[in-house]
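Next come two complexes, and both contain subunit A; in the first it sits with subunit B, in the second with subunit C.
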Partner chain A sequence: MGTPTRIILREDEIPTQWYNIQPDLPNPLQPPLHPETGEPIGPEELAPIFPMNLIEQEVSQQRWIDIPGPVLEKLATYRPTPLQRAKALEEALGTPAKIYYKNEGVSPPGSHKPNTAIAQAYYNKEFGIKRLTTETGAGQWGSALAMACSLFGLECKVFMVRISFDQKPLRKLMMQAWNADCVASPSNETEIGRRILAEKPDTPGSLGIAISEAIEDCVRSDDTRYSLGSVLNHVMLHQTVIGLEAKRQLEMVGDYPDVVIGCAGGGSNFAGLSFPFLYDKINGRQVEVVATEPTACPTLTRGPFTYDFGDTGMTTPLLPMYTLGHDFVPPPIHAGGLRYHGMAPLVSRLVRDGLVEPRALHQNDCYESAVLFARTEGFICAPETSHAIATAIHEARRAKEEGKEKTILLNWSGHGLMDLSGYEAFFRGDLVDLALPEEDLRESLKGVEDLPKPK
Partner chain B sequence: MGTPTRIILREDEIPTQWYNIQPDLPNPLQPPLHPETGEPIGPEELAPIFPMNLIEQEVSQQRWIDIPGPVLEKLATYRPTPLQRAKALEEALGTPAKIYYKNEGVSPPGSHKPNTAIAQAYYNKEFGIKRLTTETGAGQWGSALAMACSLFGLECKVFMVRISFDQKPLRKLMMQAWNADCVASPSNETEIGRRILAEKPDTPGSLGIAISEAIEDCVRSDDTRYSLGSVLNHVMLHQTVIGLEAKRQLEMVGDYPDVVIGCAGGGSNFAGLSFPFLYDKINGRQVEVVATEPTACPTLTRGPFTYDFGDTGMTTPLLPMYTLGHDFVPPPIHAGGLRYHGMAPLVSRLVRDGLVEPRALHQNDCYESAVLFARTEGFICAPETSHAIATAIHEARRAKEEGKEKTILLNWSGHGLMDLSGYEAFFRGDLVDLALPEEDLRESLKGVEDLPKPK
Partner chain C sequence: MLEEHDERRRRCARLGHEVTFRYCRTQEGESLCTRILDCWWETFGVRAFLAEHLGEDEVRRLQEHERPDKRLSILRMLEEARRRIGDSEADP
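Up next, the complex of A and B:
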């Protein structure tokens, strides 16, 4: 069968430690700030929202952190995930490049999200928490947390943005199958939800509102905490199993990437794949690392690096990051997971320091790439993942033009079987290529003008 | 981590031969008959519908048949599939039994169907065929063939039963992503379709009509053939990779099943898992083999063993099988893949000879089992697969009552992420427990009274 198509690790080859990039950063991460005092936030101020064991992980400077046994056991339901060689795609492109993709779509909810959901559910349970709240946009994160809570016997409450709740009824059913309670946001279950509904009964909702509801629900009970599926340091940490496995799998075939690619919304799947390779890069090894995002929500390519709120409601601490401004309302592109105004502080820092190259892509280009991938490799990707595929295809075409061999690695972060409506718009030919107008960007950045600036 | 959760084979451990059970049958399979002459059908009569290389496989008496290299290469996109130990489910049941499930849900369309779709697309391409036609009910088979045709560069036409076409728009999009042309059946593209639409413009369609349309479309072009996703001998053959892998995986942990379980609609996923174990049973080894079906469509448990047509339109040869009569209209249960009046002749023969035990289950029981499985193991199964899970749970509970150890193996034939509406009905509590009334069965069996009887 020649060179392998799928590089497989056995169960006892799941990484037993996460890689924490914090001690290796050329410039240290600056702390989250209290929005009123402007002072660094202390652990005790986060305690009503997160359990202390996760808060400790958030600020840890330890390079390697042991993965607890019960987390490993649940991860083993679908990990290690396959590293696959896209031979048929390479052939269709006629490229001398080798394209490898890490297939995170094999998890029960179909994406990389359970890697952190399982860890977070475990740590909360260990800390004596009985119930988790969260928000979800398109539904990938809410589904993953619902599953993780079910596996560890926690209750789970998901506030799902109203417009997605109505458009994607299957997602709610998925969460229900995992015993989670999923309600449309804004809901009647919180003060803020009731206030917004009273003012605007027909509102489609927003991620900002849903976050505010999830936090309000969380802080009113001692045995409840809040869970976030991206952005935070401990989330990036939990995702590094992806890159650690991929490195080992490439070693098995004697290969190493020239370029590592992930799509970036909040940053978690990108970080998961790339951080273990960035460790090498920081230590002098030659490897390009590319974070791709939509031109419609160009956080890394066009936003400033500044302190900003994580949510529209301005309830979170201020985070040092690239941002389009917390008032930014992304246009309705199909890659819901990439419609976030900010970016993980760790990913932002690495872009700021020139270790990661951001690129922005139009959605038509991405869907075209996704369809070519499906017709050659078989797997239908999530709209978010299509950004990584399109970037890999550009790299492979460039290798062909230059007549150079090249090893490309991308994170295939999830399947698109529950998000096919974007493909429908693409086939109909009415997918709008949205690039953010300069004046809209200027407008939405007004909200960050007076906020502190990180060094 | 103790005993393994997931038993993984590497790519070079994919079986390189299929197992053909025909030479090992205690009583040989009786031939398909021409419906008019009552004489055995010869290969040349099937030639307008199937390519000769598959017709030869259909009647082969060779025990081991080499899997061609290009088929192995495409199978390697998702095979070998994991064999998983359902430890959390066992714990929830408090059973001394070990439950293993073969996870066929990791394929691109999410079921076992591509195992034969890939082989059939390959053999048709080798024979010079440019285009395949088929029918699909709920959409699993149509999706799998669409993908396989895309991988081998064949055109694909899918006639999808109108009611499913309207209820499951995502399935059509999936097929489109793989470049297939999927139309609602009855369609305006065939004589029979136009005739039925003229008589009954609002008809919901049926699998029988869709088969007739696919065959009519096929026979009018020299470069087109028809493809069937179950029932036929070569389809069962292609699925045996499932059981061959599972045997090897169990050997790796020093285990062997006391009972092997698969759900049976047309018979293909059941055959795929069980035939390699039935080889052992025929050769004297102790192993129970159970085929499960819905009480609403109880082909094996209540139908007679007789010659019958494979389709409602009476266009196929007569096959020796258990059947509810080709006029049987199954009630609208959610396991669409189990709503078939007949059963693969090979599976029928093995039931007839006492080597396979059939059992029928109510759909409420099945969904209850599926939900327990999802909440403990994470994976949400297809409605068809829930029949195998429910049977495994019954076996595990019996082992607990009897205080006996037992090794249970089931075929987890597909995920249910695109078929969640059955779960919705279950959660709402309005899932009807349909058992076939005796008088309806008597009525639908009138159509087979005058057909020949196999020995």
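Up next, the complex of A and C:
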């Protein structure tokens, strides 16, 4: 009998420690500087919004951090998650590659996000906090935190951007089922919300306003703190259970990945799968680690108007290649990372240090891949997850062309059952890739015209 | 016409669902979404469109906009929230 389709760990095999990559970074993470004082931001400045035990994790240099028993107990409601071999997808592609996916869609809210929501709820409760506030767009993070607060008996207040509140009523109901108080933002419950509503009663809101409301609500009360589901170091830390489990599951079948792939929005699901493998890479093991994102709104690769050109064909945005031909490879113009700041600092650091390769993909490619995955493996993925699937398919096809065996591991970060409108647009043929007019192209290339051209 | 592309739709990476172009150019009632160029460049000539209607300076400002570190954004919002609360308590 060959490799099993589902590789399952026992409940007592959930990792008991998180992996903190900070002490292993080739170049340490620099704290952000306070804009007024120019001094590094210290932990005490974050204390009004985060409990000190989480702030300590944020700056910790301890490589392995014990997962508290109550957190393990709650994680066990859906962990360990299965590692699955995509045999039908491999067959459809006719590839010699083996494709494994870590199925984080089995959690109650349907994504990886509870891995940190549960930990954050626990640490807040331990610190004496009674209530958490947060913001949410479509509701993935809001529902994960709502569930976690419910499990630990904390109150939860979610400010949901009004346009999302109106468009995603089912997520709102999920949060309600988990006992969270979910209100449309801007709301009448904060000063900033009231001011905005007074000026524009019909405003659809924005994520910026929702964050402002959540923070204002938090600072009004001593027993309330704010919670964030991406970007911060402790969020990345909590997600490493994904990769730690995956490593153990691959060991069970005597395998190890050649390529590890995750989609990178705020960075947390990518970090969760990849950091334990990056530990091996930093210690000399050969493994390729790829972070994928859309060509529209890229964070790690480059914006269309401020490209860092100059990596391989697969990773360079298609625009200049398509328009100017394959001989034209403009040089890097801001490799320091103008566009890196929307991403988790840890992930950005790893990209800059060359340990992680970012790739950008067009949306039609991603949806085609998601649909192929659904038709072969059965699971319908979240739109973000489709980027990882598309990259895995590229790798598998490349392995076929080269006639090489290859082991590919991707993070199947969440299901798309609450988010099917993107599929609808794809099926209607409404998604457009690359239709940039000449005048925009000329304008976008002005920034590089004075720089030396490669030979 | 400024409203020419308002009904175009695409997925917003920040919110996680579809939005219209109108939302991106008016989201907070007073300013464009700072990602508007990045998100719409594949769909139509958004740069030329915005330059025509809002002026070249506004578009350059958008292009040069650097996304702040999240921790700095949170601290800024924290300070603003404290100021608002202080104002509202001082103004019965």
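The rule is simple: the second predicted complex is superposed on the first by the 391 of 455 C-alpha atoms of A that agree within 3 Å, B and C clash if a C-alpha of one lies under 4 Å from a C-alpha of the other, contacts with A are read in each partner's own complex, and residues count from 1 in each chain.
In this text, a residue touches a chain if its C-beta (ideal position, glycine included) is under 8 Å from a C-beta of that chain, and two chains touch if they have at least 3 such contacts.
Just so it is clear, the structure is predicted and the values come from calculations on it, not from any experiment.
Undergrad: Of subunit B and subunit C, which one touches more residues of subunit A?
TA: On the superposition, C touches more of the residues of subunit A.
Undergrad: Quick check on the superposed pair: does A:G137 touch subunit B, subunit C, both, or neither? Answer first, second, both or neither.
TA: A:G137 contacts subunit C only, not subunit B.
Undergrad: Could you tell me if A:A374 is touching subunit B, subunit C, both of them or neither one (first, second, both, neither)?
TA: Touch status of A:A374: first partner only.
Undergrad: Have a look at where A:T203 lands relative to subunit B and subunit C in the superposition and call it first, second, both or neither.
TA: second
Undergrad: Which partner does A:I8 reach: the first (subunit B), the second (subunit C), both, or neither?
TA: Only subunit B is touched by A:I8; subunit C is not.
Undergrad: First (subunit B), second (subunit C), both or neither: which does A:A177 touch?
TA: A:A177: touches subunit B, not subunit C.
Undergrad: Touch check for A:P68: first (subunit B), second (subunit C), both, or neither?
TA: neither
Undergrad: Once the structures are superposed on A, label A:I49 by its partner contacts, choosing first (subunit B), second (subunit C), both or neither.
TA: A:I49 contacts subunit C only, not subunit B.
Undergrad: Would you mind listing the overlap between the subunit B footprint and the subunit C footprint on subunit A?
TA: Shared contact residues on subunit A (touching subunit B in one complex, subunit C in the other): 421.
Undergrad: Where on subunit B is subunit A touching in the complex?
TA: Residues in contact with subunit A: 1, 4-12, 69, 72-74, 76-78, 84, 87-88, 106-108, 110, 114, 147, 150-151, 170, 173-174, 176-179, 371, 374-380, 417-418, 420-421, 423-424, 427.
Undergrad: What residues on subunit C touch subunit A, complex-wise?
TA: 9-19, 23, 27-29, 33, 35, 37-48, 63, 66-78, 80-82, 84-85, 87-88
Undergrad: Looking at the complex, which residues from subunit A come into contact with subunit C?
TA: 32, 34-35, 41, 45-46, 48-49, 137-140, 161, 163-164, 167-168, 191-192, 196, 199-200, 203-209, 211-212, 215-216, 218-220, 226, 228, 231-232, 265, 294-298, 303-306, 338-339, 341-342, 345, 362-363, 383, 419, 421-422, 425, 430, 432-437, 439-440, 443-444
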